[in-house]
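The two complexes that follow have subunit A in common; it is paired with subunit B in the first and with subunit C in the second.
Now for the complex of A and B:
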């Protein structure tokens, strides 16, 4: 009986990595149970994104540029945002289901396990269509002119920071459920804002509202800073993006933990899927 | 040695209330009205290591809320609890390594995957290394007879098969306490019997403490040694099953089947069921001697069959619940008659989202 002695941090980290890796494999296995559905969702999403690329190609062939953004700039945004969005939802597929899970009282399963509730919850599912987004992002960047090994590595690093920021942002919006009771509308609107702002050139928005992109709706760190860094092959951008992603993650985690104290559970019948 | 201990443990939920109608909805938007609901009202309890405890109560009594406070899912509003020497809300992660919970209405198995995959993930969750995981899984598969289902997706298993796998999965990390909330809900009689047998075996063989909540009296009669009854958030009975069953001794159900139509008449006793050639009485042995009742019945006609049974445990427990409700109503009526200004006790937990 008792709490037992403290163990070295690296053992805890190793155990956490093993848990996350196993969870990811099990999630993928679960997604692959329905092969046809998996393929339709993956390729369907890639095709859906391609339709937007075609729209931009037609528009920019007539106008030349929009807000100073040429076709390759827009395509970069359409590469990094889907790649980051896809990675976020492939690894942490429950980020936009937190509200629903909390409302149904389904957090009990996670609270009964000896793992961090937030990490356990968000990583216990993969969104199949997100794999399509992720693949699409990498396909687009591979087709962009001027791609070099250095630029590709930078793209990968910025996809990681972008994914971390998206996980934090979506999770924070969903965690409002603890305080509002039902956060689905607020969270849905936030998702729309974040994606819409991220997928259009920054310069089309009024200067007065651009501060929003670097605070509440972090499109700046997901799309605009990466675009500038990619064009200039500027690795120093990571000195801004890495701390920003850590700060957003820490803030989002703190909000979830704060909300968790208000969790009231429930008794709705259901199974984990 | 007590493995579960609670002192004045209570939980109050704050919930929004709204009168009927559109106008009330608009008013609620501007000035919402909140009400506090005491789901659990400062209970004390102790459970010894290796005990098999039935934690009973009608709907909304506070059973699930209590279990959730003891497992670290909910934070108590007042009082304190220790489980295996740990504070469930503060030491949730450490406690989760030594306890398990099986909720009949919830699953910890992946719906689309075979149980073997869920076992693998649970191994990672509970930090059981590869070789040890294989050994424990093999042992549980054999004990629970689930070898045939381990590679079948959970969605294709029957309820009984799923709960057996669920139960085996919950034992993978060798917990010292298992909390079960309606583990046999929706099961047929055969599956229920199997689960009860497994519970008994786990308790006897591994000396695992079992904390069982169930509306199925069969679960309680077959498995438990002690019963705690909670009603309106307070503990009203805490005694051994033996003693609870002893209450049944004072009430007998007497049934007679006659060879021809007969109409026995026992002074001061009304039958609970009567047909042309059969009759059943509920006899309070404190008021009527059973020997006398039998004499009247035998004298009424040629007897084909006669049975004398204890009152079912279900009736006893229902009687306790009803007695509490009647007591509360009478007390309130008494206060009203006496003209006191004491407000009626706050309503019990009525939030349907919280209690099964």
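Now for the complex of A and C:
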């Protein structure tokens, strides 16, 4: 018997990090089994994003700016959002499949394993095309003028906080399945809103609706605060972004655990995928 | 009943069955409508911001730009996603069952997919018209002739979309992972005439664009909606008809070449 009492928080965190790393390695090995498919999806997604860069180049060559956003501002958004989105889906590829997994009764597999259900569930898959998003984000930031080691480090840090917020937001939307039964329309709508509002200049939207970007649809913390911080090389922005990402993650985790109490196990035999 | 009427009836039945299958799951349409609505909302805000106190750009004022986008996106959302299910049919082996049946392979797929897509596009168009009336002002249709040309152009655009995407899907006869071809097609189609009017592109890109089918996919119906003249509408519809014929020939040729590579195993 041990001495009893709660496990120190840092041990739990370390254990989670080790688990994340192991899941990541296994997922990468699995994805690389189909190497051609992997490369096609990665470069195809990067090309997909590049089409929008072409659109903005054409538009801004005619207009100069949109709501005060010039080409480099728009491209920064098109770097940080794909990088954060890519990282979120590369590490936690199941975040937008939670609803489907719960509905099919496939959650049982994760309940039986000696790991945190939420962490185990979301990290048990990688989305290959997300690697293309991640790669594209870093490619764009490398091509933007004014990149310095400090700015690059800040970009990396804000990619991490952005990815954490996206994981939390997508997971929370998917966790509605526990309360609504079929929540695919609601979570699909949320995804559309979050991505659409994150990838276009904040200033094109009315002031009256911008509070949404810092609450329910956290585009502000993923795209707009990072843009301002990057331009001013303002490290203090992390004092806002880190607590925000922790708060969103904690809220999302709590929602999942609350929903999990309502889960009724089926009799399906399955394997962890 | 004449032989031609019998043939037509066969494909109409295929289209109707497809429509009924689609109607059985109305919830699936909601996702498409919502994505379209969000996209229209965001771009109406972008165009609204751009044109705030600004003169027309490349011949388009703010109202025209928003209406252009609304109509161009109907072809992207209504007819832009045939490839995924077609490619899946090719890869899963479903194609083997269809080959032995008494109908033309391409025509059957055309009837099947368009039977579901046309009503969906009509709903998208209705949504677009109501959103446009809210964000950009009155619907820019001034005559019956313009409405006729717009609907004809949308139908031609949808048909060209189908035939080109089917040709791309049938590359699965040669390469199993053919999704990247579709991505390239889809993005070219978005940049060349969907997200912005062709007139916004640099001069050289505009000239090159006219040698491709992309202006027939989104530009033609959107242009007819916002800057209608009988002469231009006829020219654009004629161009679309020519690309429809070329796409149909391409589709037939790809199928003829591809079917010889098909190996059917088991039942």
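Just so it is clear, the second predicted complex is superposed on the first by the 251 of 273 C-alpha atoms of A that agree within 3 Å, B and C clash if a C-alpha of one lies under 4 Å from a C-alpha of the other, contacts with A are read in each partner's own complex, and residues count from 1 in each chain.
As a working rule, a residue touches a chain if its C-beta (ideal position, glycine included) is under 8 Å from a C-beta of that chain, and two chains touch if they have at least 3 such contacts.
None of the values given here were measured: they were computed from a predicted structure.
K.L.:
Between subunit B (first) and subunit C (second), which does A:188 come into contact with in this model arrangement: first, second, both, or neither?
P.N.:
In the superposition, A:188 contacts subunit C only.
K.L.:
Is A:108 in contact with subunit B, with subunit C, with both, or with neither (first, second, both, neither)?
P.N.:
A:108: touches subunit B, not subunit C.
K.L.:
What is the contact status of A:33 with respect to subunit B (first) and subunit C (second): first, second, both, or neither?
P.N.:
The answer is first: A:33 touches subunit B but not subunit C.
K.L.:
Between subunit B (first) and subunit C (second), which does A:18 come into contact with in this model arrangement: first, second, both, or neither?
P.N.:
The first partner, subunit B, only.
K.L.:
By the touch definition at the top of the document, which applies to A:261: first (subunit B), second (subunit C), both, or neither?
P.N.:
Only subunit B is touched by A:261; subunit C is not.
K.L.:
Going by the contact rule set out at the top, does A:204 touch subunit B (first), subunit C (second), both, or neither?
P.N.:
Touch partner of A:204: subunit C, not subunit B.
K.L.:
Name the contact category of A:58: first (subunit B only), second (subunit C only), both, or neither.
P.N.:
second
K.L.:
Taking the superposition on A as described, I'd like to know which of subunit B and subunit C A:251 touches: first, second, both or neither.
P.N.:
neither
K.L.:
Across the two complexes, find the residues of subunit A that touch subunit B and also touch subunit C.
P.N.:
Common to the two interfaces on subunit A: nothing.
K.L.:
Would you pull the subunit A residues touching subunit B in the complex into a rising list?
P.N.:
1-4, 15, 18-19, 21-23, 26, 29-30, 33-34, 105-109, 111-116, 120, 261, 263-273
K.L.:
Could you pull out which subunit B residues touch subunit A in their complex?
P.N.:
On the subunit B side, the touching residues are 13, 64, 68, 71-75, 84-86, 91-94, 96-97, 99-101, 103, 105-113, 117-118, 120-121, 123-127, 153-154, 353-356.
K.L.:
For a test of understanding, state which residues of subunit A touch subunit C in their complex under the given definition.
P.N.:
The contact residues of subunit A facing subunit C are 36-37, 40-41, 43-45, 47-48, 50-51, 54-55, 58-59, 61-63, 66-67, 185, 188-189, 192-193, 196-197, 200-201, 203-205.
K.L.:
Taking the complex as given, what residues does subunit C use to touch subunit A?
P.N.:
For subunit C paired with subunit A, touching residues are 27, 30-31, 34-35, 38-39, 42, 45-46, 48-50, 54, 57-58, 177, 179-180, 183-184, 186-188, 190-191, 195-196, 200-202.
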